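Each of the next two complexes has subunit A plus one other chain: subunit B in the first, subunit C in the second.
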Partner chain A sequence: MDMKRDYYEDIELFSSGTILFWTVVLLVALFAAPLILSNYHAYLFNLIMVHVIVAVGLNILVGSTGQIALGHAGFFAIGAYATVLLMTELSIPFFAALIIAAFIAAFFGFILGLPALRLEGPYLAIATLAFGLAIMHIIGHVELFGGRQGLMAPALNIGIPQLGLDWEICSEKGKYYLILSITILMTLFAVNILKTKAGRAFVAIRDSDIAAEVIGINLTIYKTLAFAVSAFYAGVAGGLFAFVLGFFDPFTFHLILSIIFLVMVVVGGLGSVMGSITGAVLITYLMYDLFKNVDEIPVVGDLMVAVSEQWLTVTGMDNFSMIGLGLVMIGIIIFEPLGIFGAWIRVKKYWKTWPF
Partner chain B sequence: MAYFSIENLSISFGGLKAVNNISFNVEKNEIFSIIGPNGSGKTTIFNLISGIYHPDAGAIHMEGENLVGKSPDRVARKGIARTFQNIELFANATVMDNLMLGRHIHMKTGIFGGAFMFGKRSPAAREEVKHRERVERIIDFLELQSVRDQFVGSLAYGKRKLVEVGRALALEPKVMLMDEPSAGMNTEEKDDLTIWIGDIREDYGVTILLIEHDMNMIMGISDHVFAMNQGEKITLGTPAEVQKHPEVVKAYLGEEVIS
Partner chain C sequence: MPFGQLLIEGLAMGACYGLFGLAVVIIYRTSEVINFAAGTMAVFSTYIAFHMITFYGHPFWLAFLFALIFAALLGMFVEFFFLRPAKNPTLLGLIVITIGVQLLFGGLVCWKWTADQQAFTIPFSYQVIYEPLPGVFMSQWAVAVFVIAAVIVTLLFFFFKYTKLGTAMRATQQNKHAAKIVGIKTDRIFAFSWAFSSVIGVTSAMLISSRTILDPEFMMEPFLRAFAAAVLGGLMSVPGVLLGGGIMGLIENFFGYAMPAWKPITAFVVIVLVLCVRPSGLFAKHYVKKV
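And now, the complex of A and B:
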């Protein structure tokens, strides 16, 4: 074989012209979107993108490395609180605060990763769940963190005020551009990580930890690294989330949120970046838009409201998010264990071979 | 001192002495085979060498250094690679990625370097390309080109065994432990494998410890054969010597004939 191959093709970000084309189309659409988005929808998109960041990171841990994690709302909270407090208490500029906060979250991820070395499956699930709850309760009891009253995010100044460089973002659409840029960057990082040494080591640990060890992968390093990386992602997302909400309290980071994150990853497709994005978009839309505004759904909306009033609690629509989430989860596990992304791969294969 | 040696190695599981006071020397660049009936402790010796099990007593030396007490990943970094009796591949990764994982200890890109793999000239991309070229040579050598980008889980048994050999080879090991590499292969595949094992020794300069049940293969390529039964040594010698040993005939070959 003297055919010269370019091995860079194997690891290129865009492996084909088609992918590049659609990526560009998507990016143009995303950057143009605010022109037609209402403020509410800009807010919803911001929330979706924040969740995309969490899901992409969580999938590195759960999907690629095969470690269950039910406490990511904890890292999300650490990101939010640390970013805001670093800005308000220590006057650290936004970007620096966000990065430091993400590293703080990563450090906690590393710490949580240590017991994970000895725990598997349900035990790991319980340990991470306990971590998430502990963070929520600790925050609720500390005055500095605003206690149960919560915290208010400061003005979103992305410049460096100390140097007189002020760039304050006030509108939802302004935040949209900021969050979109960071989401794209974090997604690209994840794609690259999964294509290189560390990403392969994660997958190796998931598929056969014994074989991973005998080819020289240090399980301690790479398992804790996977926790730290996914916590870093949750930390970045949390820091942005603080400004999407503007105000938050410990209850914002309830256990249910950790579960919702996990559902995003499972529904989208374990171990795939595209899957994480799909899952985060779908679940956030369902939970925070469609099911929240049930009465606005044509035809069945009124009926569902009536059902809710008749049979479910008077607190109303929240029921539907939970029921809907449960149904989506059950449906995925029964019909498409590989998640939406798995289904998409199958459809693609089908069309490739069609009509033969 | 021998290039590679195990000395008075013992391990028990409960009351069972799986490996009982075993010693042998392996010279550099030889093919050293271990034979014995099922359950005689062959795989356990490999697990002790790899650091998966820790011996109750005894030592394992390579190039004068004791390997006992080292974790499997440290043993790998010392230059010992292995294949498994019951294939341990990364089933949801491609053949290429499985072999690239064999390069793990030779690669430097960290999590940040990896994250910033933007463009052909980034350090991460350059390292990837360099190691992919190396792995590609192994893929050519073992004739895995046609399955290069397939997921390992979807491959036939014989191919999977080969991928394991390729992955071990990608480590550039000094010593390679092969646990029944030909099990489940057809005659043609076995013949190819026999030649490749010879090449791995000759061209790659690897010292090979081989566990096999296929007597033809053993007798054809081994420099020394170590026969054992129920955790104990029966005999050690050249293939011709071992083949004639009465206890080998009784304990091992006899059983082969019956089954």
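And now, the complex of A and C:
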């Protein structure tokens, strides 16, 4: 909606002083937050930031390149398992393991991107969904990956133990700073990649892949690249997720997780990095905090317990998070197909052009 | 297990997948929506029958009839309240809506009947075994599956070929706008196709759950296999999806017999391999997309 007058204006990171100011305020607030956060909330923030990384990466694939992906929990699992196994089995330092794991995930993304070249629409949706489930089943059946018992993450040592540089992070707040810095880096990378040749190629493919091919974009390279970049993000996030959770098994990476990731991007608004971040924050908060403890909300909680006792079952009430997520998904497509970002654009337009 | 029994059990399971694939195909043909909620909607209706039998003590056939009616209403409900209000949704939007419906009903079922496993019995047991030819064993359940599948497919054939509603459905499938011009209420056709799909889905789900178990997630894998069957058949053709279902059932049964641990992922391997070779299914007529 804002008019761009030249190329340099388009590639600017902060298009106005206001945005720069608020970004700095947000960053300062995020870095100061652990001073007042409880341990549980630090954990919740860590989870949110991990999901932000996945959502930002998935947005490159779904929002910018227009490919449907229902299997990101698979890449997420690859990142988590690869990071932990590289650290425990081969005793590789944390950062190296994280990067290698992310590249392994990116390689799998490239592999999945190959059939995706020929598929579109519902066929692509089902192929990616099948990929995610297949990864979950394979992990569950191989002894090295801990089978169904799952894996325990080792101590989070971000130094290089081989050189005698030990720097172990034990507390939730220590993890918070580590994950926050990586999240900021990854977000910055995502914002910038959309302003490069590759990013413009992605957007061209989304708008019409045939037209993109006609103007000389190599579909094979850029579609697989989009899958690989997006899987890279999921891999990094998975590696961090392993340490946020501390313990995980194949069912952690169930189909529902892929769906949650996709919903984050759709709710936030397709194609916008800021939208994906807000979507990830909102959905993670709803799914892992608010809906999970729905019986603790003042009035609604009591009402729901009463309803459960009268007509339904109280033990099944945990499943309210599924119902809530389903309603959010349906509601967002019916009432605001462009997501939170679309709503924000509308408000902004109304504000700027008032009283017209 | 003898070869003959594996073959017949595989074909019977395949017929269930084929029927369920039909439920997916009927909706896709008329409205180009992939119904990811098909499995959960069928589970919901199956639980209604289960509830009537177990808690109210009604006879099976009454519960069955009631579940069919409930399924038809449920299908129309979903179409009317969740899909119709969406204005010009994209493909991704439609997928998100149907997955949302899946989560919604899945959550409701878990809330009402908890995630415990139950036994759902129909009058056709898989433990009663006939031997029509020496060496060939058929369970009562398999016979019932073949008969029910044959009846449904025949009814559908005559329905699409000779009735007014069936012709209108085919017209809507071929060209929505032209159908509207000749006076067909396409919205109503969509609602009917959701109802039909839901009814066929619950029939198949009851057959499957009587062979396996009844829990809120029992249709997850059959749904994916049925979907694989539909993809094999090209998502458009009724004979294609039945053939695809048969192939899926056989592959799964023989492969599962050889390597039980990897049985769940056969469906996905088949989907991905088929899609790599023929991106729009084995039996689909390739159409040229307008740019």
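One rule holds for everything that comes next: the second predicted complex is superposed on the first by the 338 of 356 C-alpha atoms of A that agree within 3 Å, B and C clash if a C-alpha of one lies under 4 Å from a C-alpha of the other, contacts with A are read in each partner's own complex, and residues count from 1 in each chain.
Convention: a residue touches a chain if its C-beta (ideal position, glycine included) is under 8 Å from a C-beta of that chain, and two chains touch if they have at least 3 such contacts.
Bear in mind that the values here come from a model prediction, so they are computed numbers and not experimental data.
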Which of subunit B and subunit C A:193 touches, first, second, both or neither: first
Partner chain in contact with A:133 - subunit B first, subunit C second, else both or neither: second
Subunit A residues touched by each partner, larger count belonging to subunit B or subunit C: C
First, second, both or neither for A:266, with subunit B first and subunit C second: second
Which superposed partner A:201 touches (first subunit B, second subunit C, both, neither): first
Which of subunit B and subunit C A:330 touches, first, second, both or neither: second
First (subunit B), second (subunit C), both or neither touched by A:7: first
Subunit B versus subunit C as contact partner of A:225, first or second or both or neither: first
Partner chain(s) touched by A:62 [first = subunit B, second = subunit C, both, neither]: second
Subunit B versus subunit C as contact partner of A:210, first or second or both or neither: both
Overlap of subunit C and subunit B interfaces on subunit A (superposed complexes): 208, 210-211
Residue numbers on subunit B that touch subunit A, as the complex places them: 50, 52, 71-73, 75-77, 81-82, 84, 88-93, 96-97, 100-102, 104-105, 107-111, 113-118, 120, 124-125, 128-129, 132-133, 136, 140, 145, 167-168, 171
Subunit C contact footprint on subunit A (complex, rising order): 62, 68, 70, 115, 118-123, 125-127, 129-131, 133-134, 137-138, 141, 208, 210-211, 255-256, 259, 262-263, 266, 270, 308, 311-313, 315-317, 319-330, 332-334, 337
Footprint of subunit B on subunit A - complex, ascending: 1, 5, 7-8, 10-11, 13, 188-190, 192-193, 195-201, 203-204, 206-208, 210-219, 225, 229, 271
Touching residues (chain side subunit C, partner subunit A) in the complex: 28, 34, 82, 85-87, 89-93, 95-97, 99-108, 110-115, 220, 224, 227-228, 231, 235, 261-262, 264-265, 267-269, 271-272, 275-276, 279-280, 291
